[in-house]
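Structures given as structure tokens follow.
Each of the next two complexes has chain A plus one more chain, namely chain B in the first and chain C in the second.
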Partner chain A sequence: MSSNPSLLQSLSPTGDADISLKARLGEVDASMRKPAMLFLVSAVFWLLLGTVFALVAAIKATNPDFLGGTEWLTFGRVRSAHLNAMIFGWGNNVIFAVAPWIMGRLSRARIRHTSILLIAGIFWNIAVTVGIFGILRGDMIGVEWLEMPSYAAPLIIITYALVGVWVIIAFRWRQTDHVYVSQWYLLAAFFWLPWLYTVAQIMLIFEPATGVVQSLTNWWFAHNVLGLWLTPIALGVAYYLIPKVLGRPIHSYYLSVVGFWALALFYNWAGVHHLIGGPVPAWVISAGTVASVMMVIPVLVVGINHHLTVVGLHKEGWASPTIRFVMFGAINYTFVSLTGSLMALRHVNEVTHFTHFTVGHAHHGVYAFFTMIMFGAVYYMMPRLLLREWPNAFLIKVHWWMAGMGILLMVVALQVGGWIQGLQMNALNEDGTPVYSSFIQIVENTRPWLWLRSLSGLMILIGHLAFGVNVFWMIFSRRRAGEQTAPTLLSPTTEQA
Partner chain B sequence: MDWGQYILIGFVFACLFFLGAALALHWAHRHGQLTNLEKGAQSIFDEDEPMGEITDAFPRKRRKKKN
Partner chain C sequence: MKSLPLIFLGVFFTLAFSWTGIVLTSQIQLKEFTPATPDLVDSQDQPAPGGKYLVDGETIKNTPGMTANPQPLVGEAQRGKLVYQQMGCLYCHSQQVRRQGFGADFERGWGQRQSVPRDYIEQDRVMLGTMRTGPDLTNVGLRYSELWQFQHLYDPQITSPGSIMPPYGFLFEVREISPLTGPSAEAIELPEAYQPPAGYEVVPSRRAKDLVAYLMSLHQDYELPEIKFTQ
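On to the complex of A and B.
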């Protein structure tokens, strides 16, 4: 095969990898530069817009009249616009930047035909724009995590297929013998999402199921987007970056492989725990509860492995922006997953269901775990793509402290407030009558916690602004003379200095 | 569609899913991916980013060699 394979050669299911194509890391980075930057810039844009939507929705929870005169900005629409901007706009864009890049590096293969990835990036962002515009306009579909109007779906599917195929092609033409655990996670995620999305589209949109089946499918899909898409991507990134940055192999590679297969076996079942108490066959709920508790195994495996890899290198980790963010996310993966397992227990769920506790749990998973790890990945990737340092260390610190403390405040406020809310909704007098006869009284009691949520949202917005300024400053700054152009170590090492 | 058809769709996709997982596991076993795992852990390091080298720090901070 020539050094510039044709599209047909790249898509061919047969053929052997040519060792002469084995790429150095700098070459992989260079091949991914343009598409990754397109996805990254788009991701940052959606992150900022999604945060503004979030703040508006949070303020409306305590002040319902805020921007209440415009139907486009009513709570239901703004809240769904926030969710979709974050999941499809920020989350998927940043995944499409980071996942092919890591897959290419681990496969030692240049990313081929990147113009197709560029086209995919443009189409994807058009689809998200159309989808969110549709939600704000009032065309929203009333299915959790599938709110975008159906006219946005074809572009989403086509674009996703383009990116997914490119990750698989990078793996297909790998120039390495061993398949590293991150490759397992990334590959699995890129196979799992189309499976989830296709089943959900058929059973919820094109030929909508009714009643209990609809709820079951909805929660199977929504929970698995977190568990079989965002989670394996973030874990794959963490398993690559923690040992890579610290220069130390993962503590127990054996455990990491066990963790992967345990996630593949158990997570798929867990989503139905959202329907505890609903008119769902008891065995389905029991299966979901058992699977949720079984998730303790991969969670502890990952937690132990990450912790023991970092032991003794805490100072170096603290000095690395990447490790600060990634370890924050990894630690929160342990906490949010154990909380999730507890929430799947019937007696706990009786209290937490229909309260802000669940909202806190969702933010804990998607932000404190997934998003923080992806921030870490961006801090590692961008200097290698652009061959220049981050322009401002202070802004990175502002980002970490504001995002980290902001999300912790949000999780604590929503989960403590939600727990109290659940206890009040369930509280009964001795004669069996409700202690709180007026539901609105319980709603009023949540106000202080919701104010804290707005405050936490403001902190996170400040963090995101610092991140955004640093990203665009870096893109438009010039590389200083004398800086190395190797894929790593842009500043001089101790020996070189 | 009635329950039976939904279950059929779900069953077909579940079979595909498990078949895919089983094939992946079989492939991994046949190609020695599940043996000598500790060596595999070092596969991410190379001459560009060697083991023992810290490869990230805040800008304008020097990096140290670690063993």
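On to the complex of A and C.
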């Protein structure tokens, strides 16, 4: 636990005694209002569009004739449009809204010259629009997670730089003596991503590396987008919000340092586990497998730290929309990472590789962990930026239940279905012939699970619509601050009960 | 942990470390690779096709008169690869065979041996793939006729009822049979249920022809110094 009382104060709502601090945070909020709202509105737009792409792709996976005659919407393209809309459209926009804001708050640094952030926001959305349009019209690049045509890349790199600079400036000119764990995570992430992206662009697109080095670079990049960008951001946000909302400092400072550096050290080697059994140098795979297993350390450390912070306050947590979403994400971080470490073991990988199991795993990470935490952040941030409360608690509940149950259904369906698919592809008779010699038979057996996936996608779409309506309702509502000052709660807390 | 430079150095070196380990060392190792004949012996000291290749760090020359593999794609097949990329076939098909005993790639008939790094050195875009919603395509050029490929692309239900592979009918043109020249030689045969209205024919577009040329070019049916066929 940190021994700095002012850090505790800054985290705790009871630190309100310090009026100047509150005024300071208000200043930070005010300075970030416009850029954060621009990024947020764009994020919600891409989230909805990405969900529609996802649903179209999911239906096509069971009924290939659905929109089958439209080249622009062929499975390979909608599926990639979905991925890019989610990662670059939703994920990055919401990060650009939340991360500089949290960094500003923790550093007590007003973000100046926010017009530069506004320009970055416009650039970013042009880049994503151009990129996704390019994918749909057929300029897709055959590299997973880097499908956007290369003409979108310069804008993307410029925007990373423009946003990253503000995060670094806010940190550099911070008004506090103390540095909180969230600040490391956010800073590190903003250093990592531009570097990863630039190297990947050069080695894969402008000057492609030899043979399978491309595949190695591809998975070094793609897995690190998850591990060194989405993950540290989401963890940093969770580390900020959990103590902030619950009014209790994070359990252990020491554990958070260990968690941070273990992640930095191991995660970036793990990506090559996507190539286990493939035509790449064997020792690279071994290193990737070892690193994937070592990831258990930071994962357990962070899990314990989060859990011990929340323990005993479950009722309060359940009442707060922010904590509900954030804790859902935090718990799933533990689960998805442990699954990931298991999947890197050769015998497990032999079954799960090349199946829907991996697709389920990717959604487990990007959605059940990252996205749910970012939803929590949005529920916390918007009232502070707009100085008004959420218009409708019922819509928040719809969002919570549909997104939460939807993603659990999806992960279970894809992972059970994928596991069966993997077993059937590998199954051999005693004489060494495949048990399921007809491939179509295996394909048929995955269908019911893919149907369930479409159903879960529908639930998630409903959740996102509820979220979108609430966000826009809030933005356009006339109710001014002061009319309702109490935070929106989803259930009675101990005090009220 | 308060200093910006310190955090920066830490995050820089962790990433540089993995990049060096995973990407750079492999690049250094693989950029030496050349196409090779299956044979290690070089009795005559003549310039050999495919030049020299590396085995266990030693430079060895190819045997004269033997074909060195892999060979680069040319012409139609090369263009067809771009179609493969633009249609996103990659998201359902892999192009890598695992060794016997790891999965059942060998037993399913997807390859006579496991794929090795050298198989990919001539490719400008490597698409190993991570999904097998459909079968592995490393050696698909050895398995089917061109007509099968055209029919399957036009509508997978023709050749594989129950398939969930998307139809690529938009790569074909349904057009009126010319009254002057009669049916086109390129028109594809289709079973009853899939035939266009009388007086019409289904002709593959250039992209369809390129794509099929690419599919027909896919094969790893040669041995290399480092890998022999699985018995």
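One rule holds in what follows: the second predicted complex is superposed on the first by the 455 of 497 C-alpha atoms of A that agree within 3 Å, B and C clash if a C-alpha of one lies under 4 Å from a C-alpha of the other, contacts with A are read in each partner's own complex, and residues count from 1 in each chain.
Note that in this section contacts are C-beta pairs under 8 Å (C-beta built on N, C-alpha and C of every residue); 3 or more make two chains touch, one makes a residue touch a chain.
What you see is a predicted model; the values in this text were computed from it and never measured.
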{"item": "Room on chain A for both chain B and chain C (clash or fit)", "value": "clash"}
{"item": "Of chain C and chain B, partner touching more chain A residues", "value": "C"}
{"item": "Touching partner for A:Leu106 - first (chain B), second (chain C), both, neither", "value": "first"}
{"item": "Partner chain(s) touched by A:Gly76 [first = chain B, second = chain C, both, neither]", "value": "second"}
{"item": "First, second, both or neither for A:Phe191, with chain B first and chain C second", "value": "both"}
{"item": "Chain B versus chain C as contact partner of A:Val213, first or second or both or neither", "value": "both"}
{"item": "First (chain B), second (chain C), both or neither touched by A:Leu25", "value": "first"}
{"item": "Contacts of A:Pro64 with chain B and chain C, given as first, second, both or neither", "value": "second"}
{"item": "Touched partner set for A:Ser115, first chain B, second chain C, both or neither", "value": "neither"}
{"item": "Partner chain in contact with A:Gly277 - chain B first, chain C second, else both or neither", "value": "second"}
{"item": "Clashing chain B stretch [against chain C; choices 23-31, 41-49 or 59-67]", "value": "23-31"}
{"item": "Overlapping contact positions on chain A, where the chain C interface meets the chain B interface", "value": "177-179, 188, 191, 195, 199, 203, 209, 213, 257, 261, 264, 268"}
{"item": "Parts of chain C lying in touch with chain A, wherever the complex brings them together", "value": "1-2, 4, 7-8, 10-12, 14-15, 17-19, 21-23, 25-27, 29-31, 33, 84-92, 94, 96, 98-99, 102-104, 107-108, 114-135, 156, 160-170"}
{"item": "Residue numbers on chain B that touch chain A, as the complex places them", "value": "1, 3, 6, 9-10, 13, 16-17, 20-21, 24-25, 28, 33-34, 37-46, 48-66"}
{"item": "Chain C contact footprint on chain A (complex, rising order)", "value": "60-62, 64-65, 68-71, 74-77, 79-80, 138-144, 168, 171-172, 177-179, 184, 187-188, 191-192, 195-196, 199, 203, 208-217, 220, 224, 228, 257, 261, 264-265, 268-269, 271-272, 274-275, 277-281, 284, 287-288, 346, 350, 353-356, 358-359, 425-428, 432-434, 439-440, 443-444, 446-447, 450"}
{"item": "For the chain A and chain B complex, residues of the former touching the latter", "value": "24-26, 106, 176-181, 188, 191, 195, 198-199, 202-203, 207, 209, 213, 240, 243-250, 253-254, 257, 261, 264, 268, 313, 316, 319-323, 379-380, 389-393, 396, 486-489, 491-495, 497"}
